[in-house]
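Two complexes come next, and they have one chain in common, chain A, joined by chain B in the first and chain C in the second.
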Partner chain A sequence: MKILVCIKQVPDMESKFKVAASGKWYDTADLAWRMNEYDEYAVEQAVQVKEQVGGADLTVLCIGGEQVKETMKKALAMGCDRGVHVADDKAAEKEPFEIAGIIAEFARDKQFDLIFTGMQSQDRGSAQVGVLVAEMLGIPSISTIVQFAYADGRIETRRELEGGVKAVVKAMAPALVTCQLGLNTPRYPTLPNIMKAKKKELLSLPVADLLKVDARQETTKMYFPAKKGGGLVLEGELGQLADQLIQILKEKTGVLA
Partner chain B sequence: MKILLVAEYRDGKLLGSVNELIAFAAKMGGDSAMFVVGSEAALPAYDGKLYLADAAACGEFNPDVHKQLLLEVVAKEQPDMIALSHSSYGWDLAPRIAFALKAAQVSEVVEVEDGVLVVSACNAKLRRTVNPKTKQTVVTLQAGAFGLAEAPTGSPTVEKIGAAGGGRLEFGGYEAAEAGGVDLSKAEIIVSAGRGIGKPENVEMIAALAKALKGEYGASRPVVDSGWVEHKRQVGTTGQTVTPKLYLACGISGAIQHLAGMKKSEFIVAINTDKDAPIGDVADVLVVADLKQFVPLLTEKIKLL
Partner chain C sequence: MEFTREIYWNVGHGAATLVPMYLLFIIALAILVYGFRQRIAVYRQGLPLDRTDHLGERVVEMLKDVLLQKKVIHVAWPGLLHGLFFWGFFLLLIGTTLIVIQADFTDLLFDIKFLKGTFYKIFSIVLDLAGLVAIVMLGGLLFRRYVLKPEGLVTKPDDAIMHGLMLTILITGFVIEGARMAVTETGTPLAPWSPVGMAFAGLLSGAGEGTLLTIHKLTWWFHLLLAMAFIGLIPFTKFRHILTTSANYIFADRGPKGKLVSLDLENEESETFGATSLKEMTWKDIFDADACTLCKRCQDRCPAWATGKPLSPMTVVNQIGEAAFTAPDSQLIELIGKDVLWSCTTCRACQEICPAAIEHIGKIIELRRSMVLMEGEFPGDEVMAAMEATEVNGNPLGIGYATRGDWAEGLGVKTVGEDGDVDILYFVGCYASFDKRNIAVARSFIQLCQAAGVKVGILGREEKCCGEPMRKMGNEYLYQTLANENIELINAAGVKKIVTTCPHCYNTLAKDYRDLGLEVEVEPYTVFLERLINDGRLKVTAADLTCTYHDSCYLGRHNDIYDPPRALIRAAGGTVVEMERNRAEAFCCSAGGGRIMAEEKIGERINIRRVQMAQATGVGVLVSNCPFCLTMFEDGVKGAGIEESLRPRDIAEILAERIVK
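Here is the complex of A and B:
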């Protein structure tokens, strides 16, 4: 059985963002980088399936510059068998259709039984790539899963809908699923597994070999939304802040009256 | 500009987000038509043409078949744009349609400025303007981003379209949200914990403040996903939508999914170390402080009142 999991490296969303000099993306300097949160659930689920069936081969794929190898090592330490790094210093500028095109081009002749992706990235948040990859490969896809089970080529999932409702959706492999937060509990790599991961295969491919599609959209400008304002900002010594807030609650809400 | 609006139908009901699609079409200007896999018993108030496929025949959730039906309508109407909600239905169907039409898809549009599509990035911290380069464009709209001053009126001219079966996915019905326990939607005061609480032990201080205020405590998604607080207490798109008299957000940055569930609260107080956090946009008062020190202090002072 062959499994593919696709991951992305993104900035920590708590970072202080700045707009890049191009005016079209965020400045990538001085940011802390990590695995896209949704992808951690995808990796965990892929590793769980591998452990369940025994003897599966699990590839992790990531597109980006040299620095994404750090994130790939985490996926390898979590239990992926091999890494495919699509070397592309301009990955951040690529739109979802191009990213999906690269992944599909890589996966096309590999006969993966299962493909896992996050349901979206934390920075771009398009929620397109996984479903597009499946469309390009002509396999079924189930998006936004919060529950996953696999047995004898059959997949049973729960999709998360609005308001806490879930939909039961089943499909036959080969198939692709996009993973929502809360799908499982992503493991922390142990020290022995981090050491083992260093010896695992991590192949780099130039993006030019896999990019066969053209962009269908472009970002023309990135900017900070205008503050809606109106709100009162309180700063200072904590005791005084608490007194100020209590006073406001008494006057404005009647809560403490 | 001609826009084809894709409405949603679930569990026998047409979803209210249809009005947001109509508002978007009005904002863009030009003509519109609508498509829904639904039922004659649940038609939208819409003054235009509605292509209706029968959900009972082809399934409420059946992306392969819905895609095929929608493509047939696109072939007839030749719209410049196809608009869906950025919802579990919309973000699932949109890439399938965009791929088939060789169209650009612009996800989670929050605004239209002089005809230019604006989307959010990095957890709503940033915005992008996007230029699609294809003849047709598929867009998904952020929940709540487009609204009408008044509810739409009129009744649609319905054209029924054939509903084939088939499809590679098997839909096995819905599972309702867990019942019982706390009902946040009835609480008048809610104190919510976000990722900023840092560790599960700190849920206690949020609960203590809620108790001192005679309210309930809630949480944002990351806190629930971590298993620190039960799902019944989750506020946001996939949890509860609440409108209390007072909503106190502790260590919540303000992801759009959370804001959608609480921004209609009467009075919102945010406690956050980051004064640029998006929660500040909806807060009446933003207290810039570390909640781990501030919340216990505030609780003690309230108890002494």
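Here is the complex of A and C:
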């Protein structure tokens, strides 16, 4: 059995973001990097399937510059068998159709039985890549899964819908699923696995070999939302606070009118 | 008349006495040796560990601890009972040995008698009183164990055997003496030199001489049998502590206090890290259980135990020993329990008070290491999140690393990268860098340094968590990663001295980092500031302040720094009203041992307990010296609903308010 899991390296969301000089993406200076949260669920689920069936071969794929190898090592330490690094210093400038095209081009002749991706990336958040890959490969996809079971080529998942409603969706392998929060708790890599990961195969492919599609959309501008009226924190004695509040409500609203 | 007595009076000094007596002695010794050989084989299941370096010094320490009962009497009740019992019994042992030396060697072979004249009188009264003291103290210990029954004291059949045997040996000793004196000494000038013996003689005086001789002879043989039984029983009962606890003083950890053993993570051969089974613990970990006397001093002081958590340091130590003797293949983590192992705050109260020099913390950390490094397990998801946050941003709070130096804004402090010509490098730590409450402490410290004309540099955004909480939680890999990065930075900066405001950073940099190549001098801010004040470089006005002071575990017990912080408070015009549990007996704030990253889910909250202790002093300010303590106390006063009446503060803040401009 062959499994593919696609991951992305994203900035830590606690970082201070600035818009880059290009005005089309964020500035990458001063950022700390980590694995996209949803991709961690994907890796964990892929590793669980591998452990369940035994003898599966699990490939992790990541597109980006040299620095994404750090994040790939974590996936390898979590239990992926081999890494495919699509070397692309300009990955951030590519739109979801191009990214999906790269992945699909890589996966096309590999006969993966299962492909796991995150439901979306934490930085771009398009939620398109996974489903586009499935379309390009002509296999079924199930998005936003919060539960996953696999047996003898059958996949049974639960998808998260609006308002807490869940849907049970089944498919036959080969198929692609995109993983949502709640699917599992990603494991913390053990030290022996961290050490083993250092010796696992990590193949680098130039992006030019895999990029066969053209971009279909363009980011024209990136900006922070305009600041709306800020909150107001009142401080002081309780009695005075009440008076102040009444005053403000009278002056600025009509609720006491 | 010559002041002496006939040794072997009434029992005879011929072969009919000596042969069976020495035969019994040899048998008893043989049993003792046999018993210990069996136990030594069990100790040897553990990994090797060298604890016989500096042997001469180790033996001297052992003699001090054994003969002076230093650690035992440190806790007066019931330590003094044991101490006095020990000294009484020890004198009796010396007395008996002197008798054997004279009767069976010097007199027998060379006609030399030394138990005579004034020396005999002293010998007589000393032994007489030693016996009395031993009986009274044993009575006290019996009363405590069987009548007072202190909470948590484990009483086993062993204890009954020990108390009964000791008491019978002591009383039969006096019966023998009394019977002999009733026949030979009553009314002689020697009699007053054995007052207790005379009292027993008085009790027996009604009997005729024939009866007395029979009583004497039978009791003498009975007493001898009991004494031999005592020797033979040593390895098989808690009597073994006479030898094992003494030996443990020799094998004691010689420090530095609170420095953990570094794992070799580069070794490609190792497949396991930390310990899950006895084979991965050291022989000392097994031996410690044999040295334990179940005195429960550790348990009495354990903040986890005191607040309803399942951890008793005493139980952990003994479970390891019991497994070694009964089920050597046990999985120790399951046996002891994960909640037990995660509950430890590494406050060192157990180890500091242990009269048997047992090392509790290292065992717990070894087992935690296995859970974290081999299984990726933590006490909760929040701890795993803090570990991951530290991997990404170098701090367990998960705040973007790039803002690490922002706290110093406006103070004119440069990084050592910008200007390496500094008097000290201030290793700030995560809480003083990112936590609003503790940033005030860091800023106060800078103001104090500037007032004293000390040029301070920081590492700024490049600084990473020292790794202490992660290490204590068992994550040696993350600790070493962080430590190596910090050490490389510090060494590159070429600074001569590091000062910390966090005692966890201090202990880690000053001790643990030595294994990884940091050699620069490290000092905690309390000691550093005290010197600045003493040298007249830092001037503060004394303004009235009545407060209580909390000894953090890592400045106090781990480093014995108790006086400098108090001197600083005095210099600031403060008066310290001590909490009942202060200095080496201080009660942890709950945040050590990496617990700062964990939610306290079991039992009562330790920090609330501690702020209540502070409140009980009746003062309005709780001064501490540690960012974790300050954080836990700020949280604790809210939890206890006493934030109006008790204000947690750091020493640096108190001093900074009093800087003479």
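Going forward, the second predicted complex is superposed on the first by the 231 of 257 C-alpha atoms of A that agree within 3 Å, B and C clash if a C-alpha of one lies under 4 Å from a C-alpha of the other, contacts with A are read in each partner's own complex, and residues count from 1 in each chain.
Operating definition for what follows: contacts are C-beta pairs under 8 Å (C-beta built on N, C-alpha and C of every residue); 3 or more make two chains touch, one makes a residue touch a chain.
From a predicted model like this one, the values you see are computed outputs, not experimental measurements.
Between chain B and chain C, the partner in contact with more residues of chain A is B. By the document's definition of touching, neither partner reaches A:Q48: not chain B, not chain C. Judged by the touch definition given at the top, the superposed model places A:E14 against both chain B and chain C. Of the two partner chains, chain C is the only one touched by A:R187; chain B is not.
Of the two partner chains placed by superposition, only chain C is touched by A:R34; chain B is not. Common to the chain B-facing and chain C-facing surfaces of chain A are residues 14, 16, 185.
Of all the residues in chain A, the ones that touch chain C in their complex are 12, 14-16, 30-34, 185, 187-192, 194-195. Within the complex formed with chain B, the chain A residues making contact are 11, 13-14, 16-17, 19, 26, 95-97, 120, 122-128, 131-132, 135-136, 140, 142-144, 156, 158-172, 181-182, 185, 215-225, 227-228, 230-235, 238-239, 241-243, 245-246, 248-249, 252-256.
Chain contact summary for the complex, chain B toward chain A: residues 10, 61, 64, 86-89, 91-92, 94-96, 98-100, 102-108, 116, 120-134, 140, 168-178, 189, 213, 221-222, 224-225, 227, 231, 234, 237-241, 245-246, 253, 266-267, 269, 274-276, 280-289, 293-294, 297-298, 301-302, 305. Chain C makes touch with chain A in their complex at residues 265, 268, 271-273, 372-378, 381, 384, 387-389, 391-393, 398-403, 476-477.
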